[in-house]
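In the two complexes that follow, chain A is the common piece, with chain B as its partner first and chain C second.
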Partner chain A sequence: MTIFEAILLTIVTASTPLLIAALGELVTERAGVLNLGVEGMMAMGAACSFAAAVSFDSTLLGVAAGILAGAFMAALFALVVLGFAANQVGSGLALTIFGLGLSGLIGAPFVGARRDPIPHVDVPILSDIPYIGRLFFEQDLFVYASFALTILIAVYLTRTRSGLTLRSIGENHTSANALGLPVLRTRFLAILFGGACAGLAGAYLALVYTRFWSPGMTAGRGWIALALVVFAAWRPGWLLIGAYIFGAATVLQLHAQAAQFGVPSQVLSAVPYLATIIALLLLSLRHGRAIGAPGSLGTPFVPDR
Partner chain B sequence: MFSCKLFGAVAGVAVAALSATGALAQAKDKIKVGFIYVGPVGDHGWSYQHDQGRQAIEKAFPGKVTTTFVESVPEADSERAIEQLARTGHDLIFTTSFGFMEPTLKVAKKYPNIKFEHATGFKRAPNLATYAAKFHEGRYIIGQIAGKMTKSNTIGYVGAFPIPEVIAGINAFYLGAQSVNPDVKIKIVFANTWYDPAKEGDAAKALLDQGVDMLAQHTDSPAPIQAAEARGKFGFGQASDMERFAPKAQLTAIVDNWNDYYVERTKAVLDGTWKSQDVWGGIDSHMVVMSPYKNMPDDVKKLAQETEAAIKAGTLNPFKCPVIGQDGKEIECKGNGALSDEQVLGMNFYVKGIEDKIPQ
Partner chain C sequence: MKADVSSSGPPLVELIRISKRYGDLLANDGIDLSIEPGEIHALLGENGAGKSTLVKILYGVIEPSAGEIRWEGRPVSIGSPVEARTLGLGMVFQHFSLFEEMTVAENIAVALSGEWSLANVRNRLSEISRTYGLALDADRAVWTLSAGERQRIEIVRCLLQNPRLLILDEPTSVLTPQEAEHLFVTLDKLSAEGCSILYISHKLEEVRRLCRRATILRAGRVVATIDPRASTAREIAALMVGNEVGDIRTDAPHTPQGEVLRVRNLDMPPVGLHGQALKDINLVVRAGEVVGIAGVAGNGQSELFAALSGERLAERNDAITIAGKPSGGMGIEARRRLSAAFVPEERLGHAAAPTHRLSENTLISHASTEVRSGFILLNAAKRLARTIIKSFDVRTPEGDPQARKLSGGNLQKFVIGREIIRKPKLLIVDQPTWGVDAGAARLIRQSLVDLARDGSAVLVVSQDLDELFEVADQMAVIHQGMLSPQKPIGEWTKEAIGLEMLGVAQAQGGAHAD
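And now, the complex of A and B:
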């Protein structure tokens, strides 16, 4: 393996959890719900996936537990913001704090346990393409899932009736309701999906990225995922680009330090944030029109009685 | 019982007399000790070891001392947490990160009757003591091991931030390596975080990708040493014994041992003999402990043990003069045959042989 390939591989690992978590949040926000609890749901996904994987010695069960844990947290959030029409910003922040705390409690017996790496799956023929072949087609299943998810969500949002319904509810829930669209049901499912993705991202973090559990190991990745959604202007394709630019800049700045380029490490540490913001800004400028947030984002919906 | 009461009465009079002059020394039956941690107790590093010290207190004074802790306290927001402990009847409060220095000082001034202890800082007050450990002593030993064992002749170091404490560690590590392998090279990466397992692991991978085969770390999670294990290379545990994360890769670990100090200071408060002071303990005072030397040839192990013994006996100082700076000039020797404590605590230069620059 050349150093070039080694760097690319690390970039994929660094970008995947951000991409998965951000995709889930994108769908939630497109339905008009702002869930700031990504960090908490991700931490829960990491803790529960690791606990299950160690207890049953099964990565598959671990992943399932991670997804369920994320969805469970999201269901609590949905109950509060949909059922009681509570403030979404406050509830989301509470979810993050709650998730970080609860994950610490659940994970406590598993601190110090470790898992072996999960196998990589080669895609025949495609993995023989020079450079990008090994990068994108000799990965673990999570990476393939993240690519598939990006495409599926893009198709779902733009090409399906149900996706259109979800978007229209996000843009204007009063009109959507007047048209007889199921606002609360759609939002509930979108929130659950967001939670499941955050849980999956957490599972990736604990089972593949670090292969151990320790409290607070998400270390702000949920917040970065949230920011990516905004900078990608709620577009799955741009989200993919944004996540990879962020991951690449994170990894490359570490390599730049090791190679002694002489640029202060503090500056290099800021590069991922700057690069992502600039890249996505340029992208949205090129498209010529401002793409705003979904119209009803963050507004509670109370059906008429 | 009677004598006890009598003693109490006498003590009470004594206290009344003393407090009039402002010097309040009072023996106590029951005290509350509080801790502020910068990370989670489950980090298996820095905060975990401080919590081991807290548990040692509970064991040492059953029924007499109750302890509480607040974990994952952000440095910028620590004043509230410290004040909370001060308000809830704690007699002794340990704040265990450099970044807690100003907030601790501020709260200490507000509550003159409560004793404070701040780790790794340099600001003191009549009711605020400081303590730290000479981890660079351990880093010199692991430097020697790395210098002996490296095959690629390139050793790596994952640092948290370019602050004096970390810089001194890097220098001690490199000086140790150089002492047994004069032309060894070092590569340094700062993660710019104390605790982000994934990022620390990425930093370690970057170093390993660039040809490093010995990895030292000054960040708090076991991710770097685990990365070394995954690549079949070697590393050193940080703050606590990380053997279970890297049974094949861990050569030894520099273990922070606060237990003895915490028990001693708690006893001082119980006895009424607590005084503000500045303690900087090393291998000799058991604040720095090397975990068993493993996965290395016998001659390297022997060398490490001899170096450890020499440091303990005081015959070897990692920063013995002359210390040569990067520019080839000798650093002024302000201590007794070695750099002074102040010079080590405020270290802002790399020694000769390190090709990198300190990020400014």
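And now, the complex of A and C:
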């Protein structure tokens, strides 16, 4: 394996949690709910998955615990923003703070523990393709799952009845309600799905990416996932591309720092974030408005009774 | 008054003593209503009479507090719009229930129950389009469509469910006269095929054109069920309003004097993606006359208002002349100092600050008299608010309430009164009676006419043609940012206005006024 290939491999590992978390948030936002708690749900996913994996010595149980923890946090959020029609921005920020704190508490006994790497699964034939074969088809199951999830969500949103219902509710919840579409139920499920994805992304961070737990290890990845959804204009295909551009930027700036270009490391660390801002700027310049944003995004729904 | 019902068997739908209570307010108070198969039944009433509440109950959006609904003689409970549709009800909403970013086909598919595929929806869409003459392009996104096309989507959406009863809520409020006539033909055809229609409106002419029976609501109660063709518009209006509606007095001789407002070749680029550009606008308003601007919503009315009021500045200073002074580059307050006054379309948030008290709201346009060295003259402002409330019959829940606590009609009376009380030489009003009940509308129109008769110049932008025919001396039509020639009101026919609204007259080479 050349150094170049090794770098490319770390890009895949860095991009996968961003992609998974952002896919979940994309579905939530397409249903019209803005959940700023991704970072908190991800941290809880990481802590709970690591705790379960170490306690039962099972990666599978760890992943399940991570997904459940994310979904549980999302359920709390749903109770507040759907049940009590509370402000979504405030509730989401509170969820992040709560999640970061609680994950530190849950993870505290496990600081210093380590997990073994999980096996990679080769896809026959495809992995023999030069360059990209080893990169994309000799990976762990999470990477394949993230690709499958991207395709499934794209198909779900554009080709299924239920996906159309979800988009309609995100676009205009008043009209959707008047048509008899189940606004609150759909949103509840979409929020749960978003939480489960964030939890899975956290599990990936703890069990595959770092293989240890430390407080605050999500390091702003939840916020990046949120920005990616806007960057991708709420479309799964663009989200895949965006996650990899961002993953690449994160990894390459590390190598650039190591190579000592004579540029302060802080500037290089800021590159991915600057890239996001510039990309958003260029997109909005071209279209003249917030393209693709669901019409009811962030607005509480109060049924007319 | 009772109209004869010549039909055998039970009515399609019967509402029996339906009531709906919101706190202390009885929105519906024991309403009885029955609709026969194939009948076009009108539901008439002012804003706030309880029409919308009643229809929402029928369509399962809200629950009645008391009463019974019978469908073909059987008692039913309609718990949700889905149940209403299963029963055979279809509804076309006043404010469209469409999804802007989605295509026509998707908008229709989302309302269908049961199994479907997009290809299937497309086929049925083109079938219905042909049968009823409702042309639609399945793959266009809704935000690119006109109001008429949007309404067609709503109607097709209902027709795909094979409804037994179609409910239309103020369907023509956004249509040109030609589009409205097109809609009436479709409705006649549906009715002939046995589909019942509940037609909600406050436009009497339409109701007389379409319906044999009309139920009139006032303050949540049924005041009469009549045959609208056997009653005069005045009689029906009297039932709706509760006291005889007087005509607008325009008795004073019409002698326009000098020019107060002149617009010369005004151009303005559009704002934003869906904005409308203004193209070569020419207009004259003289002292003593009311000039009306007609047109379908979204053709540049708000842009024209913004240009005239100074919310957006013109490139050339001489594009707009107020009281002899070139003022295209002047801001709003500078134009007010030339004795101009402006009432924008949006009452809450544009003409008035919702959470400010009425006295504070007077400062918006009376800053020069109610403020001294930066300090508000609170007592003067309160006095002024009281005077406006008294002279313009503004009904308030308390002495000096927040603007948002007033009903639409009362707030509109207040913001128009606030400008008129300054005795401006020029008053420009955008949609003066939009969403206002008949009593308030009459008072507002009368005060506009009175102001002109006292020697001011008045410009009224309105979508309501009947209103313009009542108040205006001169009229022009705006279409896609261009203004038709300005002519005395007597020289306009509804047909000529409709052609201008569609841009047909301009395409045929109509010259612009100078």
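Operating definition for what follows: the second predicted complex is superposed on the first by the 279 of 305 C-alpha atoms of A that agree within 3 Å, B and C clash if a C-alpha of one lies under 4 Å from a C-alpha of the other, contacts with A are read in each partner's own complex, and residues count from 1 in each chain.
We adopt the following convention: a residue touches a chain if its C-beta (ideal position, glycine included) is under 8 Å from a C-beta of that chain, and two chains touch if they have at least 3 such contacts.
Keep in mind the model is a prediction, meaning the values are calculated, not measured.
When both complexes are superposed on chain A, chain B and chain C fit side by side without a clash. In the superposition on chain A, A:L181 contacts chain C only, with no contact to chain B.
Applying the stated contact rule after C-alpha superposition, one finds that A:G292 touches chain C and leaves chain B untouched. In the superposition on chain A, A:I125 contacts neither chain B nor chain C. Of the two partner chains placed by superposition, only chain B is touched by A:A6; chain C is not. In the superposed model, A:E171 makes contact with chain C only, not with chain B. Comparing chain B with chain C, the partner in contact with more residues of chain A is B. Once both structures are fitted on chain A, no C-alpha atom of chain B lies closer than 34 Å to one of chain C. Residue overlap on chain A between its contacts with chain B in one complex and with chain C in the other: absent.
Residue ranges of chain C in contact with chain A, taken from their complex: 56, 60-63, 80-82, 84-85, 91, 93, 96-102, 106, 109-111, 116, 272-273.
If you check the complex, the residues on chain B that touch chain A are 39-44, 72, 156, 162, 187-193, 195-199, 201-203, 205-207, 209-210, 212, 221-223, 226, 230, 244-245, 355-357, 359-360.
Across the complex, chain C is touched by residues 161, 164-165, 167-168, 171-172, 174-181, 288-289, 292, 294-295, 304-305 of chain A. Residues 3, 6-7, 10, 13-14, 17, 104, 107-108, 111-112, 114, 117, 205, 209-212, 214-217, 219-221, 250-251, 254-255, 257-260, 262, 264-267, 269 of chain A touch chain B in their complex.
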